[in-house]
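Think of it as A, B, C and D in the order they're written, each chain with its own count starting at 1.
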Amino acid sequence: MQLKRPVSQLHLGLMAASCALLSSTARAQTADANQPPQIDQPLQIDADLLYYKENAGRVQTIEPIVSLKKDFGDQRVLDGTFTLDSLSGATPNGAIPAHQPQTFASPSSSSLTPKPGAKTTLYTIAPGDLPQDPHFKERRVAGDLDWSQPLGLDNTLSYGGHLSTEHDFDSVAAHAGLSHDFNEKNTTLSAGVSEEYDRIHAHGGNPVPGSDYALYEKEPNQTKTVAGGLIGVTQVLSRNWLTELNYTYDRSQGYLTDPYRILSVVDATGLVASYRYENRPDTRARQSLYWVNKVALGSTVLDLSYRRGKDSWDVGSDTVDARLRIDLGHRVYLEPHARWYRQSAADFYSLYLSETGPAPVFMSADPRLAAFSATTFGAKLGMTAGRNGEFSLRLEQYQQRPTEQSSSLTALQGLNLNPNLKATIVQLSYHLEY
Amino acid sequence: MRIRTVNCIAILLGVLVIGGCSTLGVKPWQREILARPQMALNAEPIDAAIDDHIYFSKEAASGGRSFGGGGCGCN
Amino acid sequence: MRPARAAVDAAWRPPHAPEFEVLAREDGIIAVYFTAMASPCELLLEATDVHAAGQLGSAAAQEAWRIETKFSRYRPESIVSVINRSQGSAVAVDLETAALIDYAARCHSLSQGRFDITSGVLRRCWKFDGSDRVPNPDAVAALLPLIGFEKVLWQAPLITLPAGMEIDFGGIGKEYAVDRVLALVAEQFAGAVLVNFGGDLATNRAPAAGPWQVGVERPDTEGQARLLLELRRGGLATSGDTHRFLLRDGVRYSHILDVRTGWPVPAVPRSVTVAAGSCVEAGILATFAMLQGSAAESFLIEQGVQHWCLR
Amino acid sequence: MLLSLLLLASRSALAANGGQLLDLAALKGQVVYVDFWASWCAPCRESFPWMNRMQDELGRDGLVIIAVNVDHDHSDAEHFLREHPARFRVVFDPDGVLPGQFGVRGMPTSFLIDRDGRVQSRHAGFRLTDRDPLTQQIRVLLHAH
């Protein structure tokens, strides 16, 4: 009755099918059956390293950033960021180049001329060079914590805080915002307020604004506050086009002067006669209108924004920023980035002060307040790493071109008073989702 | 000048809101492209924060995207 | 011949149908009895620790009941019921269900369409209760459009059944449960294990004292004369119509139906028992043999499997 | 009242669409939970385990869960279902016929229909804290007869 014969094709097929059933379900069992599927509430970890380097031995920064984002379900999200920022290099002190050597004291010096028992660090600038403090060193530690949650069906509440500390500067800030969705979530109205409180305690003390550099007059610690507000509309325009328009207003009050900036005071021929500490108004109101578009063109996403800024110091600015995220296959993307910026000068900005004219109340030679245009070009290359990771590298080049770089005064001929600034930005990022 | 700017903003916002209510937008079930992470307005928050920080320390204008940059001496 | 130290009675019935019972037998085997899938179930363990055996038995029963709950067509919450109520829409199934459907699809094609998990709708006409109520041929013919796995759209994880059609895992489910339970217990227990669900059984190996002795009920004598088989490893399954047939004008109508006609396959054996690598494999071979009718024996010989065919 | 009208509207529209997508009339006598979902919707992910549990626990009492997928691209839905298996019926409506008729205003939205075919409630969104109240509503409807 029992016969041993070669196994038939059919039997082989049935054997294979049975084996497939029993082995596949052995795996399925562990993954599926009894335990209820876990709700995924991923933890997102971002680790970034920023390297920023300016040309001509100026500032360079190495900045590690770690960010954690935890989704507690139901769109309740906690987001924390920790930043460590180490700056070093030379930073312009505001004085203009001259055909003679110029000598300055580092801000931490207790006087301009060496005195017994007092620490004085001097630096001398060669003729034709931009005066820069070569001993500039700073370390900043900053932390941000943000919480976001729905409030009812159509509202989102978010609030958060920011703390940052440096040797000469402490800042604490808080913000809160509410957004409301309507029109089937095609339109979102947002509003928010923020408040920032800063304490400035410059190395060697805060100079008395506008005072003669030679007198080396210092004041105790100073403070400033910034209060701001935002309203915005986000609108879905089509299946692949999202737009947002934000209006922000903020008002700074208090010590807005840069404690490390001075101005050259020149005579009628352009020879440097003395230096003065800068002095800025103690209020500044800024407003900006920001318009951003996200447009999907197939798998490519365009991010195009324009910002118009204006402030009570008469600085007007325009910014156009464009990014194109291009998927190169399933795992790699390339994101070219271009940015164009221009600003007009603050009404109290000047490259230098003239001995002959009436002395202004407010004055600054801070290149940040000059008229200039700037461009950024770069790209980011990202690729998935493992199942839930992404690795990316961003390389960018920033260049600032001041409008006013020379003077007609005879002693200043042939000098570039406010040279171009070039900076390289390298950012390495790793993103992981649990 | 400032008043004119503010007026312009108010008109623009108004147009968007009113326009939004009537015709613009998509049905709730047509949001698959908008739901892609790359389409989020803050798709790359850390890149944005880094940019804000760099430009805050080099330019007079800042912020706009959300609240103005700040919180650093940035000289 | 050795004494039947590790005897298994495939026709075993619990004396008073206990839900769950652990018994240390004199032959060094601990037996766990429970009921699942409308069958008496037993788990035999070559073990001495009654407590540990009880825990294994409990895990085995849980697994059997899980599979029953998940795949029984009689339970409205089962995935099979969800699929059968889907009225033409797609149902997304989990990996385990997908594996079973894959298996059924494979068997359907290997049997050239004779094995078909959509044939269950024929039960609406055919009630195999031993009576002589043979259905009206028109009623049977009316059901034929609802049969045919080729009409099912199966694209894992989505199954789409045309409205009115049904599937069931009869002829697969119990055998699958036997192999699953054996795998589950053998994972946690080093000794010999035998799982027996109402006559469909599987073992990982023979006890030290010798192979399992399996008694198979002979259909015509019902529990009187038994076939005594030895089993060392693998599965054993029986397909038969002991209690499920119709008798009219001296013609015996078997419950093995031909999906192409809707009528019983003529001249099927009373029972086919097959030994194979697993209970699932043994079960499908026995079912395929029954579908062959008069050619059952030659079919089994051709497959080269150990079998016992009773007519 | 308003909701009942919506359901009637959806039925007539369904008839016009061949009634192939969802035949609620055939489900009379059962409590039906119709859930509109999409693969890209985050709360939808959280609703699937709960709907599986409801089908497992309350299916025998007469609960039928029908998840209407509105993904334009069918493969997106399949990908989602591989990650989040469903043990309940899934209807595919890539053209958005059903959500249009039901008046769905956000993802996900669910409708609870009693044994007489009347829409008893609509629920927008899905949060973990919604699970217990929804379960309770379903139980009440199941035992209403």
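The working rule: contacts are C-beta pairs under 8 Å (C-beta built on N, C-alpha and C of every residue); 3 or more make two chains touch, one makes a residue touch a chain.
Computed from a prediction, not measured in an experiment: that's the story for all the values here.
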| item | value |
| --- | --- |
| Contact-richer chain pair [A-C vs A-D] | A-C |
| By mean Cα position, the chain sitting nearest the middle | D |
| Whole-Å separation of chain centres (CA-atom averages), chain A against chain C | 69 |
| Centre distance in Å when chain A and chain D are each reduced to the mean of their C-alpha atoms | 46 |
| Chain A-chain B separation of Cα centroids, rounded to whole Å | 15 |
| Centre-to-centre distance between chain D and chain B (centres being mean Cα positions), rounded to whole Å | 36 |
| Contacts with two or more other chains, residues of chain A listed in rising order | 32, 184-185 |
| Sites on chain D at which at least two other chains make contact | 85, 105-106 |
| Touching two or more other chains - residue numbers and ranges from chain C | 94-95 |
| Overall pattern in which the protein chains touch one another (line/ring/star/complete/other) | other |
| Set of all touching chain pairs, with the criterion as stated earlier | A-B, A-C, A-D, B-D, C-D |
| Residues of chain B defined as touching chain A within the complex | 1-2, 5-6, 9, 12-13, 16-17, 19-21, 24-28, 30-31, 33-34, 36, 38-41, 43, 45-47, 49-50, 54-55, 57-61, 63-68, 70-73, 75 |
| Contact footprint of chain A on chain C as seen in their complex | 66, 70, 94-96, 98-100, 102-103, 106-107, 110, 176, 179-180, 183, 276-278, 280-281, 284-285, 288, 301-308 |
| Residue ranges of chain A in contact with chain C within the complex | 1-8, 10-11, 13-15, 17-22, 24-29, 31-34 |
| Chain C - residues contacting chain D, complex | 75-79, 81-82, 85-95, 157-158 |
| Interfacial residue positions of chain B with respect to chain D in the complex | 27-32, 35-36 |
